[in-house]
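Common to both upcoming complexes is subunit A, partnered first by subunit B, then by subunit C.
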Partner chain A sequence: MSTATPTAGKPAKKAAKATGLTWTIADADHMTQAEIYGEVLTQAALKDGRVVALTADLAKSTKIGKFEQKVPERFFNFGIAEANMFAVASGMAETGLIPVVSTFAVFASLRAAEFVRTDVCYQKRNVKIIGTHSGTSFGQAGTTHHCTEDIAVMRCLANMTVIAPADARATAKAVEAMLAHDGPVYIRIGRGFEPPCYKDMDFEFTIGKSNLLRDGTDITVIAAGIPVLQAVEAADRVKPDGVSVRVIDMHTIKPIDEEAIVRAVQDTRRLITVEDHTVVGGLGTAVADVIAKSGKGCAFRKLGYQDEYSIVGYPEDLQHRYGIDADGIVSAIGEVLKQDFEQDEDWEDE
Partner chain B sequence: MADQAQELRARIFLRSCLPLVKVVLEERSAYRKLLYRAGGAVQFAAADSEQGAWVELTPEGLDVKQGKHPSPSITLTFKALRDMNEFFAGGLALPRVSGIAGLPSLLRLLPFLLKLKMLLPDVIPEDPDEKALKVRMLLFMVTNALSQLNKGGDEAMAKYAKTSPDRIFQLTVENGGPAAYLRIKAGRSKAGRGTYTRRRPYVHMIFPDSEGAFDVLTQHFSNVEAVRLGKLRMEGAMEGGKEIGLLMQRIEAITTGAV
Partner chain C sequence: MLAAAERKRLQDKARAIREEIVKVTYACGGSHIGGAMSQTDVLVALYYKYMRIDPARPDWEDRDRFVLSKGHGGVGHAVVLADKGYFERKLLDDFNKTGSPFGMHLDRLKVRGVDASTGSLGHGFGISIGMAMGARLTGRQFRVYCVVGDGECHEGSVWESAMAAGHFKPTNLTVFVDRNRFCLDGPTEEVMPLDPLDGKFESFGWRVLSIDGHDFDAICGAIETAHAETARPVVVIANTVKGKGVDFMENQTAWHYGGLDDRMKARALESIARS
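Showing the complex of A and B:
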């Protein structure tokens, strides 16, 4: 697990250059995750002739229009035919290309699920998938456009790597890592307008290795994607009350950083997971699997959509309603700290 | 009835200090011969308090129990709890002795009780073995006394414990030295010996060796100075270290009768 310094919601004062990239984040506070993704992907395509972009009539919404402008000969729009797009991507990968498929998370993970499974994962093809508008980040578009199941679907597919970056800067790093990785990768990002979590580009991003954003001994909050910043804010909010909270950015949900989870169980004995996703099969379930395998006892709470569909609304309002914002996390911290979980209740002095 | 301060002081002497006679026996094999064919119970009591404790002597070892023995071999009853506390603090306070037939048991116990004087702040041994023994006894006494402060209703400690999540305050002397911990959770507390393994300590005071631990625990150096000199490492929440340090000072104040 590597360590990094999050901004805790404060705007970055100075933009930093991304190592190894020709582009710069002029002001990441004003760029969405998707815009950053579009920039990084375009630059990667200019360097590497194998990178091709595929979309299903969502080039503008998924912010890869720039790719089309700069590298039109390697840009393919399939119309509203997601399943076909994944089948073609699989074939492209077989020829040695690196197809990057961009569409809404709900279409990639649900509408085209069988093709992702059979043509991409089963064949272990080097196809990269960017699911935008994940969770309820496009809350006002309605439940049909929410996607609170994609992590569960994607992580159950063999050979698939699943990543949920916390903000635009983490997305830039995730796209670089994705392109360097051999095999199917799914990255879920928001619609955009998410505040930055990392204050600069000076942090490590390694697939399968989480980032420690706050260290603590009373309780651990493990988050992925947009809720990471909320977890940091919650930790900072309870600190004056003497509560020591560890915050882990579990950006890679598969393969998950088992070592960091087991260490958190051992060190703090109280864990909360936070995800913009259903609690069935997502980050919380992945963490619970690791805890169960370790044989260690702990108090554990999964924050997310509790086996229900979200109502329609603005993302911030929905996050508050479903308890995955800083308010909800603070409340859960208070409850889990009081929770008993084991028979270690011998209070006789030695 | 004795006042609350004396009750709390007695609680620490009887529950945190007196049981250390067993540590003396574990660490000093020469004392074992004092228990040759031993058998009996030495009761400590005060006329104005329900508190009391007895030491059971057998050839196998010593055991310390709280309360009143149904038929002690010998009973030392102090006129007031304050006198008993002075006795354990190394002062002059003579009890009424009943059960003269148990005098041999008291005489066997006396060297152990005298060894407990090692806990007093002004007893500074020179011999490294004696220093190591003092460190071991202090570690066990301090963690136990902190827990007893809470259980005995000391306002400051009880308030701290009540608001505390599940936290471990661990003290460790490396290189084969002793370890002890205090666990606090929502008003409850437990002092234990060794290392608490079920979770990471909230505060961990690590002494590289017994010599360094002795210097810190006898306040030859402050914690800050000891850290600078490499005699102490602090891991975990620094603010927690400060809080527990203040409570440790309170133990000394209570046992010496300063409060």
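Showing the complex of A and C:
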């Protein structure tokens, strides 16, 4: 687990120039997750002729349109037809290309699920998938366009790596890591209006290694994606009351950072997971699997959509309603701190 | 027109492949033998006359690719690959057995010479388009051949693929539809009609060649016509007979999938020898 300092609060007012390993991004403070990935991909494609982009009539919505302008000969729009697009990506990968498929999370993970499974994962094809508008980030579009199941679906596919970056800066690093990784990768991002969590580019982003954003001893909040910033805000809010909260950005849900989870169980004995996703099969389930395997007792709560379909509304209203914003996390912290659980006898700290 | 000796060479090879399909089916307890028989002549023309491949180098980057989109014809494809020398024939003795690399639908990561793992219908067609587009993008000259089942054309994704190829025009791709007119539950025109199949592809922007899929002159002529086409992707509707070569299997819904006992095996081999 690497450490980093997040910004809890408003985005920085001054535009900053952020430099990655192979690309340069201007105005990282004001670019959204989606704009950033479009930019990073375009830069990568200009340097690496193997990178090709595929979309299904969502070039504008998924912000991959920049790629189309700069590298038109390696940009392919398949119209509103996702299944074939993933099959084509698999075939392109056979020729040594690195196809990056971009569409809404709900279509990548559900409509085209069998193509992702059979043509990409089963055949170990080097195809990259970026699911945008995940969770309820496209709140007003309604439940058909929400996607609260993609982590669960993608996580259960063998050979797949699943990443949910917390903000635009993390997305830039995630895209870079994705391109360097050999094998299928799924990155889920929001619609692109989310405030930044990381204040600059000075942090590690390694697939499978979580980031420690706040250290703490009373309770641990493990979050992925947009709720990471909310977890940081919640931690800062309860701090004056003397509650010491550890916050972990579990940006890679598969393979998950087991070591960080077991250490959190050992150190804080109380854990909360937060995700913009159903609590069935997502981050919370992945963390619960690790806790169960460790054989150690702890108080545990999963925040997310509780096996239900999300209602229509503004994303921030929905995050509040379903308890995955800072308010919801603060309440859950209070409840889990009071929760009884069976303590192990043989732990060295007892 | 093929020279008589060339025609006979291909016919003899097709007969040998069909005999092998019968023997493997007998040994493994059952296979999708009907469709394996109907596709055989197209596979023989491709593998024994046209494809630029090297069985010693199954990963050779410039090899022609073959995708059996109707993956249930895998038993027939495996027999061809064994005969070409991709692996030893005796490995097929374990076909379908627990732990064998060979199941009904071939896995590219387990079987040398298989370019795409297929089985679920409506996938291989799109994969072959990706390979053909990839050849163009990477500046390679290889060709891609794909065999789609006619029942497979019930799948919506086939028409997504047909539409995409009509748009991107990969002329280095040749698609065959094994038009044996049967799917699992019965004749295609009763289960879910496909005709006019040629008109459907034409309206999606394809050049359509409709041939007798058991006539090597016609198959070879179609392949050469496809090679010469520079404007549109080519689909060859190979009109075939399900169970071709085995008299008691031909055009029988029941022989979509089946096993053979000693008596049936002997009769099947006799029938193929006469064909």
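FYI, the second predicted complex is superposed on the first by the 326 of 350 C-alpha atoms of A that agree within 3 Å, B and C clash if a C-alpha of one lies under 4 Å from a C-alpha of the other, contacts with A are read in each partner's own complex, and residues count from 1 in each chain.
What we mean here is this: contacts are C-beta pairs under 8 Å (C-beta built on N, C-alpha and C of every residue); 3 or more make two chains touch, one makes a residue touch a chain.
Here the structure is a predicted model, which means the values were calculated and not measured.
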Should A:G295 be classified as contacting the first partner (subunit B), the second (subunit C), both, or neither? neither
Identify the partner contact of A:K338: answer first if only subunit B is touched, second if only subunit C is, both if each is, neither if none is. first
Touched partner set for A:P72, first subunit B, second subunit C, both or neither: neither
A:G91 in the overlay: touching subunit B, subunit C, both, or neither? Say first, second, both or neither. second
Check whether subunit B or subunit C contacts more residues of subunit A in the superposed model. C
Touch check for A:P240: first (subunit B), second (subunit C), both, or neither? neither
Would you pull the subunit C residues touching subunit A in the complex into a rising list? 61, 65, 67, 108-109, 115-117, 119-120, 122-135, 137-138, 140, 156-157, 160-161, 163-164, 167-168
Tell me, which parts of subunit B touch subunit A in their complex? 15-16, 144, 147-148, 151, 163, 165-167, 186, 188-193, 198-202, 236-237, 239
Contacting residues of subunit A [partner subunit C, same complex]: 52, 73-74, 76, 78-79, 81, 83-97, 99, 114-115, 118-119, 122-124
Which residues, counting only subunit A, touch subunit B once they are in their complex? 217-219, 242-244, 266-270, 337-338, 342, 344, 346-350
